[in-house]
Amino acid sequence: MHLSSDIGVWIGAFLTLGIFSFLYKDNPVYKFCEHLFVGISAGYYVVLTMISSVYPNMIQPLLTNFTHDRNYFLLIPLALGIMLFSRFFPRGDWLSRWPIAFILGVYPALRITGFAQGDLVEQVHGTMLPLWVPGDAGTTMNNWLLVGGLLATLIFFFFSKEHKGALGGSARVGIYFLMISFGASYGYTVMARVSLLIGRVMFLLDDWLGLLRF
Amino acid sequence: MRDFLTWLRAMDRRWIFLAVGLLVIAPLVFGFHIAPVVPSHRAKGFYDAIERLPEGSTVLVAGDYDPGTRAENYPMHLAAVRHLMRRNIKVIGVELYPAGVPIADDVLRDLGAEFGKKLGVDYVNLGYKVGNELVMSSMGTSIPKTFPVDSRGVPIAQLPLMKGIENFQQIDMIVSISAGYPGTKEWVQQVVSRFHVPMVAGVTAVSAPEYYPYLQAGQLQGLLGGMAGAAEYEVLVGKPALATRGMDAQSLAHVFIAFMIILGNVAFLGQRKPAKG
Amino acid sequence: MKRTVPFFITLLSGLFCLIAFFVPHPWIHESYGAVQTWAIVVVGCTYVLGVANLLRVNVQQAQRREGDWIYKIVLIVGLLTTMAVGFSEGNHYSDVTSHFNWIYRTFYSPMTSTMFALLAFFIASAAFRAFRIRSPEALLLAIAAFILMLGRVPLGNAISHYIPDAADWLMEIPQNAAKRGILIGAALGVMATGIRVILGLEKAYGGGGEGGA
């Protein structure tokens, strides 16, 4: 065993064990860690946002290069940013709708084009597979499963008509493909959660206690 | 048997917590090794995509994760930058998670020192920018206008590496190490589909299944999923490290959870389904 | 004024960004770059607003001595200390030797990681208590989960190479087909909702005051 001499590692270890204490039951140590975490996270986010985004992209150009490269237009986002804080004043909070409205215009436009190109067009393109590959029965079968499975899944999500007859049968096949997909997602989720625990255990056993053997 | 099933049904879940903890600790402390890691063809695709890049290329490494998923993403990030620097490929780091900046700084600094690379010449960390996919789109218009300074506050116009880098046309590949949103999906939608930049991705296991369609459609050249994917890539790069060490504990935990599903169904067998309505 | 101006702001900014995607004219291209920068800054201000609101709510609760008020003081002290240290160090916040970096490594990083690590225990408990195989569909889900859990770890390959091969096939064919169906369906939904938001048809996003667009 080779205990760490770094005070930061010791504090980190106690905070880790404090949060893990929740597994036994909710307790004051866990509550303390939880609230400290929320406070420090919020403080960290504000500092990063201001220093990395708001200051270099707006404040610095306005202060140092006001007339260069049409930087004076940055007065618009400055005004919009200030208007956001009108939410703290009941009589003036309608002003905060203007910057929110601006964001509500920009992001959906970005998402529409992104999803259309990346998720719709390219995915349909990726589904245009040969349904007969000479000499390769395995790939032929897999391509049929890919195309058929996709169509069955899309049919399952078509709710404008009752799922009866051929439509109902196809939707049922779609459910089976979806169940396989959910099972796969569950397996991967288990892997993810366990990995994160392994990471924490490695910190405690290696960085803090110096116990690990490989 | 009935008593055992009754006990099982009433079992305090803290016994399960204890079992999980012990199964993870034991392989790490006692150092026993269950089986070697065998790279998958998805990890090989990731590896080969970087191998195909000519020396001197410029790659954007997007470290879109924070300490919450460090155990999965950090080994991939480290192995990818190691691979890039070993091949003398220039690295531009960017993070869309604010808490990812120090992690990326550590990776670039430590590996830069290991391979004798110079900050500002061979690698740079542009840092964090708020806005999620808007930042990606903005970089497509102009990287210098989106990131006027790097993570240290140094104007990027002063950095030799960033000379001539205007937008994605000067980027030869994107390596996305991602924890969720914003991440690989947004890079595919906003950058790969629009600017046709090749991309490989290392993602958390939770999000890995949703990227298989992108891999099959050719929008991704390679995919690492979770700690297992990171371990496979570490083996390919020739430096088994954190992820590889964790795979034995991972194996035991998976077997235990599969056993818990079976045990749970046995324990509650014969119990009536709750009445509907 | 209170509803009309936001409606036109959303409509004009949304339509401009949509048009800019398709039109490579330099004037449009430059204007689009400027609009994106403005949006980045405004989003940054929303983060600051969120934290300011968090501070306001917790200060009020601490002043009123409402339940768990002592922990609210811990939150406030943590928040203000981090902000003070971070802003005092400015651009040196990312230096390895900075105090802000020490706060990150000592407090933020371990606590964030541990919060997520807790989930492993709960997923094991949920596997025992909640995963009920009561139908053919649930059985299919369970079989897929078992194959994946064994196939993605070295133990599965040690038992038989067919296990990881089966896991790979499962992920690349049936899982891929279903996920692609979900992706395409979601893409259509996002596009429809996006157009509705830009055209002001989604009343829920009006924001503030009286509510509604």
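The chains carry the letters A, B and C, assigned in the order they are written, with residues numbered from 1 in each.
By definition in this document, a residue touches a chain if its C-beta (ideal position, glycine included) is under 8 Å from a C-beta of that chain, and two chains touch if they have at least 3 such contacts.
Owing to the predicted nature of the structure, the values given are computational and were not obtained by experimental measurement.
A simple rule picks the central chain: find each chain's mean C-alpha point, then take the one closest to the mean of all protein C-alpha atoms, which gives A. Among all pairs of chains, A-C has the largest number of C-beta pairs in contact.
A straight line joining the Cα centres of chain A and chain C is 4 Å long. A straight line joining the Cα centres of chain A and chain B is 13 Å long. Chain geometry summary: the mean Cα position of chain B and that of chain C are 16 Å apart.
The set of chain C residues touching two or more other chains comprises 36-37, 39-40, 43-44, 47, 90-91, 104-105, 108-110, 112-113, 115-117, 120-121, 123, 127, 142, 145-146, 149, 152-153, 171-172, 175-176, 179-180, 182-183. In chain A, 23, 44-45, 48-49, 51, 53-54, 57, 106-107, 110-111, 113, 115, 119, 123, 126, 146, 181, 184, 188-191, 194, 196-197, 199-200 are the positions where the chain touches two or more neighbouring chains simultaneously.
Residue positions of chain B with contacts to 2 or more other chains are 17, 20-21, 24, 68-71, 99, 101, 127, 129-131, 134, 137, 146, 149, 151, 153, 205, 209, 213, 216, 225-226, 228, 250, 253-254, 257. Across the complex, chain B is touched by residues 29, 32-33, 36-37, 39-40, 43-44, 47, 90-92, 94-96, 101, 104-105, 108-110, 112-113, 115-117, 120-121, 123-125, 127-134, 142, 145-146, 149-150, 152-158, 164, 168, 171-172, 175-176, 179-180, 182-183 of chain C.
By the touch criterion stated above, chain B contacts chain C in their complex at residues 11, 13, 16-17, 19-21, 24, 34-38, 40-41, 66-71, 99, 101-102, 105, 109, 127, 129-131, 134-135, 137-138, 141-142, 145-146, 149, 151-153, 205, 209-210, 212-213, 216, 225-226, 228, 247-248, 250-258, 260-261, 263-265, 267-268, 273.
Against chain C, the residues of chain A that register as touching in their complex are 8, 11-13, 15-16, 19-20, 22-23, 31-51, 53-54, 57-58, 70, 73-74, 76-78, 80-82, 84-85, 87-88, 93-94, 96-113, 115-116, 119-120, 123-124, 126-127, 142, 145-150, 152-154, 156-157, 174-184, 186-191, 193-194, 196-197, 199-200, 203.
Across the complex, chain A meets chain B through its residues 23-24, 44-45, 48-49, 51-54, 56-57, 60-61, 106-107, 110-111, 113-115, 117-119, 121-123, 125-126, 146, 181, 184-185, 188-192, 194-202, 205, 211-214. Interface of chain C with chain A (complex): residues 2, 5-7, 9-18, 21, 34-49, 51-56, 68, 71-72, 74-83, 86-87, 90-91, 93, 100, 102-121, 123, 127, 137-138, 140-149, 152-153, 169-188, 190-191, 193-195, 197-198, 205-209.
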